[in-house]
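Written below as structure tokens is the structure these notes are about.
Should a chain be cited, it is by its letter among A, B, C, D, E and F, assigned in written order, with residues numbered from 1 in that chain.
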């Protein structure tokens, strides 16, 4: 009970502060926390990236293994995206099979990559109808201080950009770099008391009643969107969030994904 | 606690009424509630039937897919019967994997069809030892007002009678109608205070301490039986229940299954 | 609450008694309870043994079935060891998937057999890379009065020694006896108040804070060891336990495994 | 053959004859189940779904209770025979996500504070599927909640917008969804133009997205009228029944 | 080759030499386990089962308690090596159903009202199977309950009747079950002729069914005597032990 | 080719250039996570693990509480990408056993009586694996517990000893583990020479075992110094931070 009261007080504090134009950590409303992206940190993986946004830490690993294609796409590789909210990362995460939050996280990241056709899946066919490359994107959340989606999505595309195809390991030959055609970037904003804030930290996420993730591509098109939270958004709020999404994605792409 | 008292009172009411020769809904002891059978309601299924017995509603869908035969019956198709007591159908049903009641429901319906050799499984062989038709009978309970077994069994045989083999979908050729050789019908009776009642509604089911389902075929033979409940039955009670079972099955078959 | 106090009192009793040089059932510190090994008790299994150590009863069954080899050992048979602590065996066992105790039991027995290379796995190859014999060792605990590991390990090796390869059942030909090359025996000791006791019964197991299982082979080498419990052991205690382990294993082997 | 090359638009019409901004036929029936506190059968073209509502009722396990308000639970489930290839019973990742966003689509209109410590269970069963089942489910659930007497600020209406052969169109069917370039399910409180669900996959330009959103808003208003009418009819019927 | 064509009867005898109305050899041992409150080992031909009873004991989780009576739980389980092809450990649909009907077979004789809020756990392990394991399990469980001191109105006895080569016969073994035309497991309170379990598969005429039921009743009376004798022996032994 | 025939020792050196009694390089970082009460990143050669500690905190479900002391929970988990062939997420039998023995390795040094009815959760995530992850995990967990302020009698240190080409050597890497003849993970309270974990597979003579155990003890003392130093550095840093 005491805890709940603390949480209410914290929400009110965040809310009031924002009402007076400020964020708990002093950032501007459209400003991200410090971002760092470290690639190729896991040598057992074909691609990997350790992404930090503020104190949120997400490790993404990409593994490739030969497997069977789906019968309705016999000449295409397969993407499998999975997210583990391991209990290490937060006192609120429980061990056990993926709950709705990890499922949503994985599926939103997955849709961004899939919708933008980032991976040229036809180039991942080894033998039509028999054998294709399975691309496993595993999102391992290590520390949750808010805005997991943006960190996970950034980790996923950063890992993919550096990943290689392990032909030799499986006695195969061919191109060794993954055929990546786009760089989708997720930008999440929340609405608190009529204000739109980019990159919410954990306190802000808890205080917000609605959240929108906007995934956009190098050419400014949108390839994924997900609203969540227990309150609605006005059309003009959505428009502003999309605006911010495309703008911020451009900045992040420029800084962390262009090599 | 209050609820339990209400339930006791309801049981007593049903019990007393029956003692004076009446049922809660005014039916005769051997009389069924209104039955309706609507076939081919689901176009994604190869066969389907929406069965209502009073306010009990069960939707059965039959799907056929090519699959591997069992190694001890290499030239026979395979029947898989499954029942979902989805929580929509009753405040007493919980989401989750099938409990003993759904397992029992599925297995009793399955045995009726299997015991009577209703489906000529050898005609469902596509390639001996390699490929046969798998017949999935899925029982989806939508509203439970008692006597699910009779409704489910009727839905199963009605669906099967109309089902076709989707040869084209899988690039195969052959007979398109399912080889159906019999029409097993389940008739459930309960014993309440020494009286035998056919087609118990939910109140009666709760008031009864023993229940017998009798499945019989077009030629009057029996191909399935299942007693349940926490009390025993005398031999003469069983005999009467079998009698009623065969009689009622004949009427139901005549009216809803003969085309 | 009352139960917990009883347990404490029992622990103290066991502890005090041992302090004065005695065990609850009058045995010497290095003495085992009565052991009996009955082989070939289950005719559906290729090998089986009912082992009793005092009132602890474990039934082990060995089944062989053809299956696929692991890709990194294409010409070797596969051992699968599984233990069920069925709720029949103890008021403390719960139905459900294996918990950490059954997993540990199975894995320790498995390692003893695997580490000693007891089964010549290469002789279990039927067709390289395609088909090998899978050896299922199933440990079924029927009554738990302490020291399950020794009983299970003894049951496993006794079953293996008598097991045959069911070539005929699968239309194959070849040697019918399992290629067994060693006889690993597990000996478990506990430490209670500075004393080392072999073959703890249930009371002693509960009173002990550390336990060591030592698995040794016909030539006196060690092929498995597992410490458990919530307290540590000194190097000299371990040395004594290993000493006892090898000695007792020799006696048990001589008496129950040499034919 | 590439998926994109299939012709989904011919002479300005879609394969099923609809115009770009045209909904599939809708059929709504209220109160179709006896046991549930509220229920609704909803057809959207070839989609057939039922929603049932139980509650407010006791929440257990208790430690999931909320001392300040009712907890909404939503379970979207597909019958095994509702799709072309039989679906294995039980929740999968897709249905877990749909259940979450659908719950959040309805959450803003339910006055949960009236019933602290209780649960309101919403169950949606998809009996036949033809793309758009989550939107059909939300429409059905919204009506079922009202029919169950759950206090609500307004109804929620839902529809998807998609992109086929480069055109932004309303309410994709399964063929269009499979061979189209994008899909965007939306739920709204039509009267206040408040967006309560918004998802997207595929690829949309910012302009296409905005146009799509407006298209969805207009369609949600139409669906809202149908939902209202169905509830009204049911209400008059029950009055009628009461008098009879 | 068709399954039905196998000859299961030769010169009026069954393949294992039994007559039509003959039970397989039965062996009963009471009190075979230390930890359980009551236990029984039961052999029926090549079937070997053990039943153990724990209780009445605390029921948890509590919200499954019944304020008026004890709750009976029954778990039928096959050891992986009990059957020809290794069985994967854990419950399957068959064992779930058998557990239910077995519990209901015993339920009528247990005086549950004596121990409200408690659980009585019955565990049956099939160690070796040769058709008829559920009936052997019920017989064993009935004895184990009595041995555990659970108050009972009477013992329950169980046997199956089947049909092979057109004949109604008692107590099918595995070969007869596999190649026969029907199986009908029955449990009864032999002394009062009360049927507490009744299942059927295959195909029986009404007359065959009635004949089978009578056959089962006669056999249950025999089994009842064996159960009683085993308990009596055990009781005298423990008296003896007590005196020694 | 037989596994044993691979040459793992050349000119008295191991394939990675180490001597028989040489540890792989170790790197320890304390306090790497924000949310956890204590955390530690530990590298042992190519093994990369993180340990996090939460607690003492409320234990639920309550019926697992211990009225006299805190309950230690330990979860060893491998990231799917930490091994050569992707590992399916979730616990398997190996990780269940490792979690148990690791918990028991730490149990003796934790003063659990200070916090009755609570849980102390230890989570170990293996990010990259190269044989020896359980020992790396225990080392990390021991430091993380201290960093979380859990009262401890001492630190636990852990290392494995193995046998390759007939030689007893320290701290096997993955190649040595795959092609070696035995592995023996040990955990100790280095200062008191108390063994808190001891496992073995493969085949060791009694003499080899005893030699191995001594080797492990010496190595644990070295690791203990590194653990202490890392904690000390962290402590001085936080003092420094406090002053700044």
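Here is the rule we use: a residue touches a chain if its C-beta (ideal position, glycine included) is under 8 Å from a C-beta of that chain, and two chains touch if they have at least 3 such contacts.
As the structure is a prediction and not an experimental result, all values here were calculated from the model.
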item: Common touching chains of chain E and chain A; value: none
item: Distance from chain E to chain B - Cα centre to Cα centre, in angstrom; value: 27
item: Separation of chain E from chain F, taking each centre as the mean of its C-alpha atoms, in whole Å; value: 51
item: Cα-centroid distance, chain A relative to chain F, in whole angstrom; value: 32
item: Between chain B and chain A, distance of the C-alpha-averaged centres to the nearest whole Å; value: 48
item: Multi-chain contact sites of chain A, meaning residues that touch two or more partners; value: 98
item: Residues of chain F touching at least two other chains; value: none
item: Ring of chains, enumerated from chain B in the sense that reaches chain E first; value: B, E, C, F, A, D
item: Residues of chain B touching chain D in the complex; value: 41-45, 48, 55, 57, 59, 61-63, 65, 82, 84, 86-91, 95, 97-98, 136, 138, 140, 142-145
item: In the complex, chain A residues that touch chain D; value: 4, 98, 100, 103-104, 106-107, 111, 114-117, 212, 217, 220-235, 238-239, 242, 246
item: Residue numbers on chain F that touch chain A, as the complex places them; value: 33-36, 39, 46, 48, 50, 52, 54, 57, 75, 77, 79-86, 89-90, 121, 123, 125, 127-129
item: Residues on chain E engaged by chain B in the complex (per definition of touch); value: 93-94, 96-97, 99-101, 104, 107-108, 182, 184, 188-189, 192-206, 209-210, 213, 217
